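What follows is a pair of complexes built around subunit A, which joins subunit B in one and subunit C in the other.
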Partner chain A sequence: MGTFVMRWAWLIVGLGAAAPSLAANYVPLPGGSFASVIAADNKTAPAQIAPFRLRTEPVTNAEFLAFVTAHPEWRRDRVASVFADGQYLSHWASPDTLGADALPRQPVTRVSWFAAQAFCQSEQARLPTWYEWEFAAAADAHRPDARGDPAWRDRILSWYTRPSNTALPLVGGDPDVHGVRDLNGLIWEWVDDFNALLVSGDNRDQDGADKLRFCGAGAANLREKENYATLMRVAMLSALKAADTTNNMGFRCARPK
Partner chain B sequence: MKLLTTILSFGCVLALAACSGKPAGDAATPAAAGQTQASASQASTTPGDFGPPQGEPIHAVLGVPPNVPPPINRNYPAKVIVDLEVIEKDMEISEGVTYTYWTFGGTTPGSFIRVRQGDTVEFHLKNSPTSKMPHNIDLHGVTGPGGGAASSFTAPGHESQFTFKALNPGIFVYHCATAPVGMHIGNGMYGLILIEPPEGLPKVDHEYYIMQGDFYTTGKYREKGHQPFDMDKAIDEHPTYVLFNGHEGSLTGDNALTAKVGESVRLFVGNGGPNLVSSFHVIGAIFDKVYYEGGKHAQENVQTTLIPAGGAMMAEFHVRVPGSYVLVDHSIFRAFNKGALGILKVDGPENKAIYSGKEVDAVYLGDRAEPNLQAVAVAAQAHATGTLSKDEQIAAGKQLFTGTCSVCHQANGEGLEGVFPPLAKSDFLAKLSKEDLIGIPLHGHTGKITVNGKDYDSVMPPMGQLTDDEVANILTFVLNSWGNPGGQISKEEVAKVRAAGPPAPAAGH
Partner chain C sequence: MKRLWIACLSLLLLAPAFAAAPLPSDSIYQLGVKLTDQQGHSWPLSERRGRVQLVTMFYTSCTMVCPMTVDTMKLTRKAIDEPARDKLDLLAVSFDPARDSVEALRRYADKRQLDAPHWTLARGDSQDVRALSALLGLQYRQLPDGDYNHSTELILLDPDGRIIARTSIIGRLDPTFVEAVRKALATG
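Then we have the complex of A and B:
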C-alpha cells in the first residue's frame, strides 16, 4: 500500500517537472548489495551501493541552454578544446540558441564528460557512478530489479538495433518503480567512472598476462546472456574519451542521500 | 568450445578497450610508427616482408559486392591507405522485410579490400555520426593481437587509425569484434581482404565476391515489416535467414552474376557466420581449383567445399555450357527455405556434345528465380495514391505468383495432374464466390475437390504471410490469366475475409 501511494506521489512530482521553470527533481534510491555485470572484485562479489538520489530525467536541451547562459565558458564557441571535441553541441542553431534540431524537451546530447560534470556541479550534484546508474536502470515499472525478465532485456536490445538517423524523442517516458524515467531506450548516459569500468586500482599496474587474467574473470559474467544488453553499454562507454561527444550521449546527475 | 571462444573474445575486446587505458586515436600513431621502423630493420628475416614501402601512398580501391577491385599489377611494396566507414542502416533483407544492418562501407558483406603481400596498410576506420554503437575491426590477414580490433575501437562520430604489414598472402575474412561479437557479426559486419602474392593471381575473365551469413530475426522467414535481431535464436543457432551477400535476391534476377560460354571465373567466397558452416556448391559446375581455407594449396575437380564461419576460399572454374548455374549452401534447406541462393547466368552457344540442354530447373529455382518486383512496388504506390489500376494489379500479381504460387501450381498455371490442381481454365475456380476464392490463399484448402474432371485430395497450407494487397494482386492476376473468367479483387475485400477468420470445419458442428 505504501509503495502504491509513493508511486502516485512520484507521478505527480514527475508531471510537475514538465514545467521547465521548476528545478530538477531528484528521488531517493535505496542502493544496497547489487549484482552488477562488473563484479566488485573482478570475480563474483556484488557491488555495495550507498543510498543516493538520482535525477528523475536526463538533462534537456533547455536545461543545458540555461547552464551555458549562466556559465558562458561552456558555450560551444568558448569551451576549451581539451574539454570538448569539435561536435560539442554542434546541432544547436547557434552557441546560445537551440533551433529546429534541438527541441527544448529533447535530452541534450553531443556533450562531453567534462561538460556533463560541470553541469551537475552547477546544480549541486555529480554524475552517477556506473554502479548507481546500473542499479537504477535495473528497475521497471513494478520492480526495482527486473533484469531476470526477458521483456526488460528485449526492450533494451530493440533500442540498440534501431539506427539513430531520426530525431530523438522527448524526455518523459513512463516512470519506473523509483519514479525515474528514460534510463533505457532513449540515450546513452555518461557516468562518473566511465573510463575505469573494468579496471580496479589494484590491477592498474599489472602486466599483460595479468590483465588478460582479470579481464577473463570479468568476462566470466557473460555467461548470463541477460548481461549482454548491459555490457553493450559498458562497451560504448569504454570506447570514449572524456572530451568526446556523440549524437546519442547525454547524461543525468546524482546526489548523495 | 565455441561458447568459450565467444566468451573469451567478448571479454578480451572489452578488456583491451578498457584495460589498455585509452584508445586507439592516442596510441595508434606512435606505436604504428615504431612497428614500421622495427619491421623495416628486420626486412631480411621476416618472411613476407619485402622492406619499407616505396613510392607514393596509394588509396585502396574498394569493391562493392559482388564486385572485386582490379588486380594490383605492382612489383614493389607500397603504403596503401584504406578508408572504411561503418554505417548502421535499414535495408531490405527480403521483399517487404527490413532489417537494421551494421555495415562496413554501407553494404553486407563489407567493401572488398585488395592489397599486395608486403604492403604497409594504413587503416582508417570511421564510425558514422549516425551510428548508435561503437565498432572495431579484426582483419584475419593482420599479424598482431586482435587483428587490429584493440587499435580500432571507435565511438560513433570518431575515427581510428592503425597500420599493419600484410605478411601472409591469401583471402581473409574481416569482421567487427565489439561486444557482443556475435550480434555485430549477425547484423552483417564482415567482409573479405585479399592479400595477393607478389606475382599476382592467374588472369581470369571474371572475379566475383560472395559472402554467406546467417541472420536471426524475431519474426518468421519472410514475415513482413521491420524485423529486429533475436538474441535467443542467435544463441540457439537457429537462423531465420541464411543468405549470400546479405539479402534475398542479391545474386538472382537482375542481380545474377554473369559470364559467357568458355570464360573463366574466380569466386572469392567467405563465410561471415556468425554460426553456420557453409557447404558451398554451384549446381551444374565443377570447380577446376579450390584454394580451400583461403590458403596456398589448391584441390582440383571439387564439387562442394566447406567454408568455416570466419573463413574463406577461392575457386576457379570454366563455364562450358549456357544456362543458369545455381549457387547454394548444399545444407540444402538453407538454400530453398532460408534464402541461400544465387545465380550465375551464362550466355553463349549451346554445346550439345557436353550437355543436351534439357534442363528442368523451375522447381529448384523456386521463387528466387525472378525476384524483380518493381511491378509490386508500382502497385503498392498506386494503391497508396488511389490510382491503382487493374493492369497494375495484374502485373504485380504475376510477379508475386512467380514467387509464392508457381512452385506448386506451375508458372503456366497448369499445376501437376493428380497433385497440384490447375488454375488455368479452372472450372472449380470459375464457380467460387469472391469470398471463397479469397479464403483459399488466406486459410488454405484441405480435402477432395474436382477440377476440370480430375480429382485432387491434398493440402494447401494457409499463405498468411501474404499481405492483403498481395493476395488481391495475385488473385486478380489469376482471374485474368489462362482463359479464366476475369474480374478484380481489392485489398479491402481481402481484409474483410481475413478479419472474418477461417471457416468453421464443416464436420465439426
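Then we have the complex of A and C:
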C-alpha cells in the first residue's frame, strides 16, 4: 500500500515538473511613462503603463490546435460567424489538423480578435493593450527603447517589404532585452483595444458633419511620424473588425504583473 | 373539432421549439456577457432576444454627443406610430464601468426621463464592454482626464440579435434608419 501511494505521488510530482515546459512563458516588463505614437490625450501626454507580464512568444499553430481541441466551439467548422470570418484557420488542413501549410511552430494566423481573446482567457491572460505592445516592441537586444536608432527603424521597416505570400518563419527569433521574441519581423498582432486607436483607414470622420461621431477631443492625432513601421501597425489594427482574419495577423497574450 | 385539436397540438409542439431554437450564427447574442441595468438587475445579453432593439453605447458624464444620441433615440422611437412603438426596446450600454454605477445610471435615467420598461441603461465589466463594442463595431478610448473618445452610432437588432441597420446621423432623424426600424417591428 505504502509503495502504491509513493508511486502515485511520484507520478504527480513528475507531472508537476513537466507542466512548466508545456506552459507558455511570460516575463515581467516594467512599463512606466512611454512616448507612444498615440498621445494619451491626443496632444502630447505620454502613456502611463502599469507593470505587466508578456508572453515571450506569439501563439503557435500547435498551441492553437490544442486550444480548439479543448474548446471545440472555436473550431473553424463550429465557430459562430459573428466571432470569425470565413477565412478563420482556413490554411489548416482540416478543422482539427494542421497540415503542410501550417507548421506546429509557425505563429498561428487567420485568427479573429474574439478567437485570440478566448485563447488568452484559456491561459488566464488577455491580449496586451496597444500601449503595452508598443512599449514591448520598442526594445532591441540591449535597450528597452531603441526607437531613436535609425538602424533599428530600418531593420523593422525592411520586414514590411517581405512579400506576404511567402511562408511565415517559425517562432523563436532572438530574445530582446526583456526576453521577448518576435515582436517585430514575424507577424501583425492583435491588441485588446484595437478598436480604441480611432484612426480610420480614411480620415473623413475627423472633418465636416461626421465630426459628431467622436465625443470629446475628436480622433487621435498620431505623433512620431518618423516611426513609420509602428504607424503602419496602428493603421492596420484600426482598419480591422473584430471578426476579421488575415494571413499575417496573429497574437500573443499578456497578464497583469 | 379534430382540426382545432390538431391546431392546438401543433401550437404546443411549436412553442417550445421556437423558444429553444438555436441562435443564428450571426447573432450578437452569441456573446456570453452579463450586463446590469439601472435598476440593479443583472442578465445575460441574450436575454434581450425576442424583441427588436435599438442599441447604442454612451457614458453618463459625456457632455457633448451622448445627450444628442439619447435625444435621437427618443426621436426615432417617437417617429414610430403606436402600437408598433411599444414593441421597440431601447438599450444604451456604458463605456465607463468605473464611474457609471447602477446608481449613476438610475440618476441619468431619471434626469433624462428614460422610462422603463422600454429604456434600459446598462453597465458591464470592462472586458465585456470591450467585447460588446467590438461586436457592435464601435470604437472608444479613455483619455487621461477620464473622458472618452468614442464613435457614435445607433444600431438596430432584429429579435434574434442580428444587426440589420445602423446610422451615424445624430441630432436629427435618419429617414432610412427609421424606415428600417418600422420594417423590423412590422415583421419582428
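Note that in this section the second predicted complex is superposed on the first by the 208 of 257 C-alpha atoms of A that agree within 3 Å, B and C clash if a C-alpha of one lies under 4 Å from a C-alpha of the other, contacts with A are read in each partner's own complex, and residues count from 1 in each chain.
One rule holds in what follows: a residue touches a chain if its C-beta (ideal position, glycine included) is under 8 Å from a C-beta of that chain, and two chains touch if they have at least 3 such contacts.
These numbers were taken from a predicted model, which means no experiment stands behind them.
**Q** Based on the superposed arrangement, let me know which partner A:Met232 touches: subunit B (first), subunit C (second), both, or neither?
**A** first
**Q** Is A:Thr69 touching the first partner subunit B, the second partner subunit C, both, or neither of them?
**A** Neither partner.
**Q** For A:Thr44, decide between first (touching subunit B), second (touching subunit C), both and neither.
**A** A:Thr44: touches no partner chain.
**Q** One more residue to check, A:Tyr160. First (subunit B), second (subunit C), both or neither?
**A** first
**Q** Return first, second, both or neither, reflecting whether A:Thr246 touches subunit B, subunit C, both chains, or no partner chain.
**A** In the superposition, A:Thr246 contacts subunit B only.
**Q** So, A:Ser33: does it touch subunit B (first), subunit C (second), both, or neither?
**A** The answer is neither, since A:Ser33 touches no partner chain.
**Q** Is A:Leu197 in contact with subunit B, with subunit C, with both, or with neither (first, second, both, neither)?
**A** Touch status of A:Leu197: both partners.
**Q** Is A:Ser94 touching the first partner subunit B, the second partner subunit C, both, or neither of them?
**A** Neither: A:Ser94 stays clear of subunit B and subunit C.
**Q** What residues on subunit A does subunit C touch that subunit B touches too?
**A** 195-198, 212, 214-216, 218-220, 241
**Q** Going by the contact rule set out above, which residues of subunit C touch subunit A in the complex?
**A** That would be residues 23, 25-28, 30-31, 62, 64-66, 68, 127, 130-131, 133-135, 137-141, 143-145, 147-153, 168, 170-171 of subunit C.
**Q** Would you pull the subunit B residues touching subunit A in the complex into a rising list?
**A** Of all residues in subunit B, those touching subunit A are 7-8, 10-20, 22-23, 25-26, 88-90, 100, 129-134, 153-158, 178-180, 183, 187, 228-229, 231, 235.
**Q** Which residues, counting only subunit A, touch subunit C once they are in their complex?
**A** 40-42, 45, 48, 80-83, 113-114, 117, 126, 192-198, 205, 210, 212-220, 241-242
**Q** Quick check: in the complex, which residue numbers of subunit A touch subunit B?
**A** 87, 153, 157-158, 160-165, 195-199, 211-212, 214-216, 218-220, 222-223, 225, 228, 231-232, 234-236, 238-241, 244-248
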